[in-house]
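Labels A, B, C and D are assigned to the chains in the order they are written; within every chain, residues are numbered from 1.
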Amino acid sequence: MKFCLIGAGRAGLVHARNLKTRIKTAELAALCDANRETLETAGRELDVPALFADYREAVRQPGIDAVIIVTPTLLHRDIACEAAAGGKHVFLEKPMALNADQCRQIIAAVEAAGVTLQIGFMRRFDEGFLAAKEILDSGEMGRVMIVKSTGRGPGLPPPWIYDIAASNGVLAEVNSHDFDSVRWLAGSDIVRVYAEAANFKCREVADQWPQFYDNAVVNLRFADGTLGVIDGTCPAHYGYDARVEVLCENGVLMIGSVQQQGLSKVLCDGSIVNRAVKSWRHLFRDAYVAELEHFIECVRQGKKPRVTGRDGLKAVQAVVAANQSILQGKPVEIGGCE
Amino acid sequence: MKFCLIGAGRAGLVHARNLKTRIKTAELAALCDANRETLETAGRELDVPALFADYREAVRQPGIDAVIIVTPTLLHRDIACEAAAGGKHVFLEKPMALNADQCRQIIAAVEAAGVTLQIGFMRRFDEGFLAAKEILDSGEMGRVMIVKSTGRGPGLPPPWIYDIAASNGVLAEVNSHDFDSVRWLAGSDIVRVYAEAANFKCREVADQWPQFYDNAVVNLRFADGTLGVIDGTCPAHYGYDARVEVLCENGVLMIGSVQQQGLSKVLCDGSIVNRAVKSWRHLFRDAYVAELEHFIECVRQGKKPRVTGRDGLKAVQAVVAANQSILQGKPVEIGGCE
Amino acid sequence: MKFCLIGAGRAGLVHARNLKTRIKTAELAALCDANRETLETAGRELDVPALFADYREAVRQPGIDAVIIVTPTLLHRDIACEAAAGGKHVFLEKPMALNADQCRQIIAAVEAAGVTLQIGFMRRFDEGFLAAKEILDSGEMGRVMIVKSTGRGPGLPPPWIYDIAASNGVLAEVNSHDFDSVRWLAGSDIVRVYAEAANFKCREVADQWPQFYDNAVVNLRFADGTLGVIDGTCPAHYGYDARVEVLCENGVLMIGSVQQQGLSKVLCDGSIVNRAVKSWRHLFRDAYVAELEHFIECVRQGKKPRVTGRDGLKAVQAVVAANQSILQGKPVEIGGCE
Amino acid sequence: MKFCLIGAGRAGLVHARNLKTRIKTAELAALCDANRETLETAGRELDVPALFADYREAVRQPGIDAVIIVTPTLLHRDIACEAAAGGKHVFLEKPMALNADQCRQIIAAVEAAGVTLQIGFMRRFDEGFLAAKEILDSGEMGRVMIVKSTGRGPGLPPPWIYDIAASNGVLAEVNSHDFDSVRWLAGSDIVRVYAEAANFKCREVADQWPQFYDNAVVNLRFADGTLGVIDGTCPAHYGYDARVEVLCENGVLMIGSVQQQGLSKVLCDGSIVNRAVKSWRHLFRDAYVAELEHFIECVRQGKKPRVTGRDGLKAVQAVVAANQSILQGKPVEIGGCE
């Protein structure tokens, strides 16, 4: 299957390298990025000759079967819809889009074109998350009571998320995964959120972007009554911290660890030193390969992917509601049933 | 120093046994409990001959230096004030009282009597919590950004907390410790709370006590802007789970573990089995001794205890506000500065 | 690069599947196995049409660049030498051969043919082991004092290792890796071993194979005075357990864990359940890919592999000496310096 | 019960402080130490007026019920026998004595006097060790196959153990506990040992004391065929490290951890920092209280203590044999059945 990567930044290159070195059934046939330098550097590193500055051109190439979209969120809707119109299967990174309407437009476009759409919630392909989901589905833990998810990114937030209105901020960029995970694990949709947020580490942007926050705590209520909480921080500096706790009637599941397994060092001064997980690229390296293999398999066999446009939409709705709650200082209901 | 224990139930006996077997500077001189059977059983076990059914009588005994009050919360104010009036030093279990007014009356009574008052927040005497506080105070972690505290009790809630109005419920009985810990560690007062709660495990009492909850998630805002979250569950069945995470500018402190250290068992089927911490009595066994030793030392040396009436008051205020938030479905501000 | 796998059993298939699905620079061009059913099953699974029952035929095929040898140990010498003579690069699984002489013959053959030889000590490509080696090489830990390695396999030993004389037993099949790891990490050759062994789990073979053991503890002395110990068990049932501890002047490094990270389950009865690492295939899945990628790179660039024939030889010498020690009931010196 | 502490050094003071502050049924009535300054400092700290420089005088005092002997090993036999002759119950620190003959003389003396003798193997009173023993005794793990014990002390070895002949060295001072633990947990006596040892950290004493070692690895064979290994190091600098692993037919028990539970610190640079267990005084603080409470209970009720003179003897025999093995370079059988 021949892929075109649209958006050749850091996150895009994770997919590109997997296509290039780890997935024998895939071919990285083309790259697309509006930034010419980014595009050419990536082209050289990955030895891909077909380079496009304009995604409209890329999605019309006949030799391309599918696109992987890893651009800033505000472009997702347009690119995904054009790609679908061009008959390309679409692997779309999170967050799916800026709001529910855009998500619905993407869903309509891929349905009209009859192409496959998968959202990049790679955690659903991670060994630990999958094992947790299986245990929950088996019923042995009883009903979920509280689901808690921590999502912290190591690096500074990209400047294009300073403007919450145009990006949905840290809750979208870092914590989209958490919003999807808690919904998937709870097996119920989020119906109410209340959020508190603050800007502790990026004070220098507070004047220009008073609504920008780098820390948030979100209280959640699910349709079936389940409780939840998400906390997000960016940057956490020490590493990428993704931990989920699912408290059930019969016990608790704890997914993930701050610690990167493999080596402990005990020093003369009595300190025991371990390494924190540095990056999502490392923590979820197998999941990133697995989600693309799943996408390829779904396209080939005409199957519905495990992560659908509706999953992307639901996460976007919750993020948007949480940002509203921060602005309004009160809980926000996520209405409508779909 | 001669003690009278008022309230000889399960929690009271923890203190009584410590006085009896572990603290050489103390003497358990008398017991008081309104339930005659409880009183006599405790008297026999502890070999204490001076037994009182009425606390008013107990607090007037000349041979008593101090009382330890471990009764249902609604009696705390009256007993503590009477004890102070009787010239007894007061060690008072959490929650301090049912509301801020009662707390203030207690504070006034002990100040008027010139006796020592200490609230039973034993976590402040635990090795892990103390080490965390010391690190935070040193400044090496930078400012606290988010403080999260999980408090879960193993056993069924006592029937006298079904009535939230008369008891403040699980957030008071189980999570008073969390409210105190986050405030102590954050170094700032809680100014706003938003809480969601549900009754998942005690459905049979829902008809009679529709406001009763056994699970709650509380979003916190502190005076200095710090964010926080407390989640409480009772019963958790699997054990007593007290874990706190303090996310700071320069990293994160993680206090406590669900695991009772000492032994891991790996079985043929590939499972690795550890034991969860069973009870607060086990987890904080050294802290329970330490807090009484501190109380004795403060009385003897006329020092102010590390945990004051004001600390008790602050936790009660936050609990009361969280319960209001549950009832009103909106965030509640904790007004006034004292 | 075109590979022929010689020995299509369980371990061989690990390499075959990696070549087939994970390594884009490799092609699995042919399979060879003396067992026709094994051969054809593997051929179908891997969709490899070129199948050989006789390795002599396989190593003469012009379209093959390299062989991966994963047969019973007693065939290693002959196959490796023939492959080298046929001009094929050789990736040879551990243990290298049955004794030092055979190892030297292989080394001579590949040197004469000018082909690349790499031994399958994949731990040297594992993240944790590599990090440990780097720390040790940096000098920050000071000199190694004691190195301890535990190697336990989950499944029953294969019947062809019942005869110690013909296989070198569990210490060769399971613990070759430990002998290599301790030598690599200590940075010094093993010069004396003392071993105790017992047959606890395979009693039914004790009559026919009285020398067979399924548990062993080996005391080690290195050339530079360092102390060591290896313990081996097969079957351990609960999983694959590979842990190494390197005690140094300035502290200790602990490599590996019995626990498969990702998910903890806490149950109503107070048990905390984690999963043990099930298999070397899982624990070292990235290392297996990495060692083949390294081999391919070395062949292409004419570099000396990180794991040489001499490393294979040194492990074989120590295993042979440990088996002698078991039989003779005394420490055995590993003479000669090479 | 009135105690006299004989030997008021660091280890002795652990017992003294427990008697003084934690055990209400005991009274620390007298102190004895040949060093006048040590004696007077201890007397002041503990507020004990009855001070003796000569143990012969102390053990004749009528007001003393029992002695706790914490002197250098070479004095154990004489003091214990004199104390028994004086009608005092004897709590004797490990190692019991310098050799099997001395142990037998102590056993004979206490039997003749009809007093109680307990050896200070406090690990047998530790929660983790007790839980492990209970599981092993229940039979659920099947037979023990290999038992491994690591014992490392934080501080420099005291000069009086440089002379192995007069002290039995590190294996006696630090690892007596390991020799007792493995025998207790395996449920079988040690019958053969082989040891390798080296002096890595105390090179400056090597000229005068060429036999002195600060690191040792001991291979063990038990009467019922079980295998074992003990490794000992002093000083380890980083802390007190006591971990035991019991591999059984049905799985493995892991007792202890290098990590002092309670607090983890994650720092900006991605390091996760925990504290190693600093000292046996901390790790076994509850066990030290429990063993004295058990001793008092045995004396009062005329019961046989859980740790007998025979247990002390068996550990001494194994240590002596291990030291012989180091000197002779061959395995040493521990003959005789008693």
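To be clear about the criterion, a residue touches a chain if its C-beta (ideal position, glycine included) is under 8 Å from a C-beta of that chain, and two chains touch if they have at least 3 such contacts.
As the structure is a computational prediction, the values presented were derived from the model and not from experiment.
Judged by shared residue numbers over all numbers used at their interface, chain A and chain C contact each other through mostly the same positions, with over half in common.
By number of C-beta pairs in contact, C-D leads over the other of B-C and C-D.
Using CA-based centroids throughout, the chain positioned farthest away from chain B is C.
Chain geometry summary: the mean Cα position of chain B and that of chain C are 56 Å apart. Chain geometry summary: the mean Cα position of chain C and that of chain D are 40 Å apart. Across the assembly, chain B contributes residues 237-238, 250-252, 254, 258, 266-268, 275 that each touch 2 or more other chains. Looking at the complex, you find that chain D touches chain B at residues 20-24, 126-128, 131-132, 135, 141, 250-257, 261-268, 275. Put simply, chain A touches chain B in their complex at residues 143, 145-146, 148, 152, 192, 194-198, 200-201, 215-221, 225-229, 231, 233, 236-238, 241, 247, 249-252, 254, 258, 329-331. Across the complex, chain D meets chain A through its residues 237-239, 258-259, 266-276, 278.
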